[in-house]
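Take a look at this one; I'll ask things after.
Chain nomenclature is as follows: A, B, C and D, assigned in order of appearance, with residue numbering initiated at 1 for each chain independently.
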Amino acid sequence: MGVADAYRNSVENQWCPGCPNFGILAAVKKSLAELDLAPHQVCLVSGIGQAAKLPHYLQANVYNGLHGRAIPAAIGIHVANPELKILVTSGDGDLYGEGGNHLLHAFRRNPDLTVIVHDNRVYALTKGQASPTTPRGEQTRLQFGGVEIDPAQMLATAIVSGCTFVARGYAGDIDGLSKILVRAIQHRGLALVDVIQPCITWGNHPVDWYRGRIVPLPQDHDPTHRDRAIAAALDVADVFPVGVLYETAPRPTFAESYRTRVGAGPLARLPRINRGEVEARLAAFIVNRD
Amino acid sequence: MQDRSVLVAGAAGEGVQTIGDVIARSFLSHGYPVFATQDYESRIRGGHSSYRLRIGDEPRNAPRADADVLLALNAEAREHYQGLLNPNGLLLSPDSVDASAAADGASVAVAFSNLALEHGGSKLYTNSAAAGALCAALGLPFPVLQAILAETFSKRGAEVAESNVRAAKAGFDAARATLGARRPAELPARVNRYAFTTAHETMPLAAAAAGCRFMAAYPMSPSTGIITAFARHPELGVFAEQAEDEIAAIHMALGASAAGARAMTATSGGGFALMVEAMSLAGMTETPLVVVLAQRPGPATGLPSRTAQEDLLYAIHAGHGEAPRAVLAPSDPQDAIEKTVRAFDLADRFQIPVVLLTDQFLADSSFSMDALSLPSEIPAPHLADPEAIESVYRRYALTEDGVSPRLFFGQSRHLVCVDSDEHDEGGHITEDLDWMRSAMVEKRLEKGRRLRNEMAAPSRNRTEDAELVLIGWGSTKGAIDEVVDLARATGHKVGALHFTEVWPLPELAFPEGPQYWVVEGNATGQFARLLRAECGLETEGRIGRYDGLPLDAATIVKELPWA
Amino acid sequence: MGVADAYRNSVENQWCPGCPNFGILAAVKKSLAELDLAPHQVCLVSGIGQAAKLPHYLQANVYNGLHGRAIPAAIGIHVANPELKILVTSGDGDLYGEGGNHLLHAFRRNPDLTVIVHDNRVYALTKGQASPTTPRGEQTRLQFGGVEIDPAQMLATAIVSGCTFVARGYAGDIDGLSKILVRAIQHRGLALVDVIQPCITWGNHPVDWYRGRIVPLPQDHDPTHRDRAIAAALDVADVFPVGVLYETAPRPTFAESYRTRVGAGPLARLPRINRGEVEARLAAFIVNRD
Amino acid sequence: MQDRSVLVAGAAGEGVQTIGDVIARSFLSHGYPVFATQDYESRIRGGHSSYRLRIGDEPRNAPRADADVLLALNAEAREHYQGLLNPNGLLLSPDSVDASAAADGASVAVAFSNLALEHGGSKLYTNSAAAGALCAALGLPFPVLQAILAETFSKRGAEVAESNVRAAKAGFDAARATLGARRPAELPARVNRYAFTTAHETMPLAAAAAGCRFMAAYPMSPSTGIITAFARHPELGVFAEQAEDEIAAIHMALGASAAGARAMTATSGGGFALMVEAMSLAGMTETPLVVVLAQRPGPATGLPSRTAQEDLLYAIHAGHGEAPRAVLAPSDPQDAIEKTVRAFDLADRFQIPVVLLTDQFLADSSFSMDALSLPSEIPAPHLADPEAIESVYRRYALTEDGVSPRLFFGQSRHLVCVDSDEHDEGGHITEDLDWMRSAMVEKRLEKGRRLRNEMAAPSRNRTEDAELVLIGWGSTKGAIDEVVDLARATGHKVGALHFTEVWPLPELAFPEGPQYWVVEGNATGQFARLLRAECGLETEGRIGRYDGLPLDAATIVKELPWA
């Protein structure tokens, strides 16, 4: 088991002092250490937003792409180098708003990724507009009269869409979160972890408000029971059940059949196709060769 | 044989393409080159569609709009297309037509489907009966067609093959009988052999040869054939994924590229629009990528199954901010091989996105080529050696030529940081405006300057003594070269400059003397504007086509100053 | 009650003869007639695809926009002219694939639209690639070895996302479908109707195959019961339960609060804002007016 | 008073903007025009940010990079910014600095937070203490600041207001004491009054006045202020929706427009990329639309909170196929009003998309304007009268000027058919290549030709006798006009041509004689290329800035041939 310090780098952190994002960062490091993954075995993929800056703040490979596009980029990376452990870390706006379609279809593809959503219920980097998870009625720096539409239900959507690992975590509980993350990273296929992450700058509630509402899933929660999992996923009016909501047997992961054909390892290491084989195909365009 | 244009017309789903293909293969196997274009509507059944063959002694890979022979599978097709029939042309159709409709030409009625039923045993063989009739009308010996039919239908069993052949023979005989004295002399066999294919069929092969391992795309005419080829031939080893949308497609490809795989995507203008943000990303993150942009007429959905050259300036400028890219516009299936290999090489060496700008005409037209070959040398990927990197690896290290040594994720213990923000050499977000921002802008621009020095000059066709130089780009080469020949034949000193590397344009001189005219498949003269902006060239004339059909020599000639 | 013939127009239909799309067209006309809606009161909105050509084939207002973008266009139309009855008719590729994100967020907004998905499990207009609903394993003109990912579950996603009317119909049953459509159009808020529409050109199964598998929902199906509705929505392995899967009390519809402010009717009919009011605001930028 | 540049610097979240704003308002209320720019990083707390005020007797709405006075709220800010301080400048900071750091200038240490605690009762009032000190250093009478502070904090109750004033007074007194003999003369009050605001604040008002009723957007710096203004002021009657992404935003707006509402969206380069397909759609469906494209440095995420003029050619060419559009680039808050009204009018009259090309500099810089006013006439919407249409309504009826009478969905019993495919006059899909396609292309192009005839020529500043003409566009007008004055003052005959309507460019003549230099906020000279392509103008020089900061006169002057 490694130590979380091995992932420390010297990049200046741009988050607000005291932001629960630091808790997520700590939990990520802790879980990687626990799993004894060396930095070069890990690739962190993100979009744009406050959350999406996370990959810069630890030692690992980093792909910090465009707002909303972490998922397809991560899928490409996953196919091209299946040896990497890939974590997507981005915001609720990024993954559920701009990138919603990619997540929806990622559930279908089931690539071996851990998707960590920093769910602060706000667009923080752009200074406080509603995110897809902002509850109806809450005021923001754009929805001055209160949000007038219902929040997205991406955990429940994941469950009905065939995602086999769906969890909710809390940024304020580094140990608890890192335990969930260890399971998520170990899970074969796409694992979705929505992390309640109060924004202390733009959020409508102080951290305390959340702390009181974070409750562990009931002891007897059966993570293989779809309806109960959905109920726990939807049930966020004034309480946030935390833990692994849903976990079933892994489904085939993305690109498995291609991989059995071409073999393991990075695509860049595969030999180039035999020149003669292509030339033969070009020759086959000649009509009626004798 | 003299240059002949044969048009097979019918409704979508009626077998126009099958007939055309069988006839094309028959001529090719008899030693004659064929150029074939397709014209169809954006629907699955009904409407009008045609397959046009141009057959001659020498390859003339350029479209002809007129027809010497029209095979119309039904009355609507006849009505729709018979205006294209030349004065002495021949009309073949299942129903007889009054004399006036076929003007000076001949009209031959052959009841294809009845013959098929009678001789093949089913109306299913109507198309073979029609092919047989066409064969007779063109002077092709029946055994040639017979062999091709046998080959074509062999997969479906001997009986099906034989029935087709019988139906074809019936059509052949019936047409010969009806033609009587007008039937052409039998065409002698030749030993010539040609490769017969489209640019979109050679490009996937070239991509695989260039080391492409990853392709993601979303279906869109006329680009869909590219991903389909990879999927159909898993032996090529290219992972091919249909994405949920074009945005996902290009981001998947960029992710794969950052993880070391040579990667590509393909789309048309509407899908490319959705990739524009990622084109800018590729510029910023310096991630190699090849994008096929197969043009069709716009704006918006436009004419999905037709051709155009309307996306040139768009391909060049689509993306916010400033970063180098290359745009290559191949002219035929062989050139498409070379440009595809080159696209991967340029993308990799300069760490930039490269657009391969094709169009529906290139996608769907089969050229007869003397040979198809891979470039003698296929450059290896330009990845850095992790061993050679001391201490900390910096993905965006500032170098003299602007190109930083590239490692991929997981290649070694070196960590790779790829970032879409303005970044420092290590790839981390920077707000250093005093120096780092400008240094990174200049780094990227320097790559563009060096790229520019490598771009190919246009090919020249008889420009030495030309008084009028036609300038073209991309898929119009065959038509323009034909114009040069036609004009020269009537005493006009015409030459041509043809561009297949359209961005960035290299340093070019346009000697004074000749008039310069730009010929292109759009209404606003995009390449003419580009030449003016980049080279200060004032062109005297512009010929544009924008009705959805490919430029052909006759259309161009009509616009020339002496016409 | 009007007659369906009132919606007939003379535009040449480009569908394959015998395509079940004709059944959907007939059912749409029938339901509009039943509801006595005049053509000018109706606006049909579509994307691109074979299905998306439907609006051209009847008398009504038409917005035939881009592939995947019918939903946001329909939302804009709905806000600008709430007097219109708006039907979105488009393909499974269009609405669930390219346009997936819009549908996901439309469930949250709950605009008063009827969304009719021609679910032929294929991309027909582009000649036979997999659509998001093509079952795993089925071969297509692109997935030659069979589809390797799971189908999207958009009906279930709608249910968990707050959509209050979710139905499955069958294109081969014009009467049954038009009954569902009448209810869907009458429902306040977004109504999603997924219509099983066998493609007789690119589909892997003949119409007969489907016909045998179309079953009405059980008599005792309770459309207000979320879990049962989800089960019926997911349950399409070899049988398609047809009918209204889920229907609950309408939620507030999109733009209601704006509408109470500005009044009913097309926005184009509202008077322009008083010039003086804008001038006063411009004057307010003057610092320390005396 | 002479032209003074004051820089307030600190970390994000530290109150830089509050101080700057209070000081700006104080000067304005005292009768002096202020020009204020903001410089900040893409983060919420920490880092470096500054508020720069330029104060003088006459409005000089152009940035100055140097500072006569620097107020640094902390040591890091001092270090980061003190290089900008002029030789005789004054540094105000909470800690004393060794003499060398403040070179020839004066360094005054005032313990802002201690004073706030001591006199205001809490460190919360630190910023007011700093403002007080700045007030003293600038010779502004304290009561002026006092009044502004009282007004600013009145909402938070009398006690808070008073504490702020006390802290400010303490800062004021402390600074005066420390300055001693160096303290400036007290500035006399003037009667002048100025409107003080940004272009992004006037544009939503102008849009509402122009009849805009629908806005959908997705947040993106520096464009977010536009939708925020509508949301903050529901009385403007503009329905404002935050969409799930930019694609949805523009399609919602297009839907609303087709249904008769004047509609708009706003974004920056990355979001605009996602709107490119819909820009093409608007061209094809001939749906009026106004799109604000607020530029920031790219490519990709680039520098989200900085400024640039890198998206000109992109704004013009983004979209597949060919259709007319207009691009307007306002230069200041008043011009932004006029261009916004004009954008809605052009969009509506020509049934095209119109881009309002702004940038972070325009979004965040407050100008002092003598007055702000709406155009004397605001054109009414150009909708057709349904009564005047006999028989069947055809949305795309062919007309002489290419503009078809426009009805909206549900306006009357007439049915409206809007279609993204190539269509016939009725709006239904066509595959008629013989005539309809070309007719529709020409229809759209004809609108573009007529649009071009209406585009405004550039404004001229002392070009009559100029030997060097600087050409600029958009937000750089203030800086370039200042260069003209500076150059003239040193005997150089410089003039300026300024474009705020950048596409399509009207017919223009550039008389021989002067040298033409293009000045723009990018690295590749986009407007210079455009002028070459469109007008054949060969420019002698180019001045580009691409470090993320706005062009200022000093930076331009340094590049002039005699510099």
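Just so we're on the same page, a contact is a pair of C-beta atoms (placed from the backbone, for glycine too) under 8 Å apart; a residue touches a chain by one contact, two chains touch by 3 or more.
Bear in mind the structure is a predicted one, so any value in this text is a computation, not a measurement.
Using the mean of the Cα atoms as each chain's centre, the chain most removed from subunit C is D. More contacting C-beta pairs link the chains of C-D than the other of the two pairs C-D and B-C. For the pair subunit C and subunit D, the distance between mean C-alpha positions equals 40 Å.
Subunit D has its Cα centroid 44 Å from the Cα centroid of subunit B. Between the Cα centres of subunit A and subunit C there is a gap of 30 Å. With centres set at the average Cα position, the gap from subunit B to subunit C is 37 Å.
Counting only residues that touch two or more partner chains, subunit D has 41-42, 47, 234, 244-245, 247, 270, 277, 281, 285, 300-301, 304, 420-421, 429. Residue positions 14, 48, 66, 97, 100-101, 104-105, 132, 145 of subunit C each touch two or more of the other chains.
For subunit C in complex with subunit B, the residues that touch the partner chain are 14-17, 48, 50, 66-68, 97-98, 100, 123-127, 129-130, 132, 141-145, 201-202.
Listed in rising order, the residues of subunit D touching subunit C in the complex are 25, 28-29, 193-197, 201-202, 205-206, 208-209, 211, 213-214, 216, 233-237, 239, 241, 243-245, 247-249, 251-261, 263, 277-278, 281, 285, 337, 372-374, 378, 381, 383, 408-421, 427-429.
Within the complex, the subunit A residues that touch subunit C are 97, 99-101, 104-105, 107-110, 132, 145, 148-153, 156-157, 159-162, 226-227, 230, 233-234, 251-252, 254, 256-257.
By the touch criterion stated above, subunit B contacts subunit C in their complex at residues 13, 41-47, 218-221, 224, 227-228, 231-232, 234, 242, 244-245, 270, 300-301, 304. On the subunit D side of its complex with subunit B, the touching residues are 41-42, 47-48, 247, 268-270, 272-274, 276-277, 279-281, 283-285, 295, 297-304, 306, 308, 310-311, 313-314, 316-323, 420-422, 429, 431, 433-434, 437-438, 441-442, 444-445, 522-524, 529-530, 532-534, 536, 538, 546-549.
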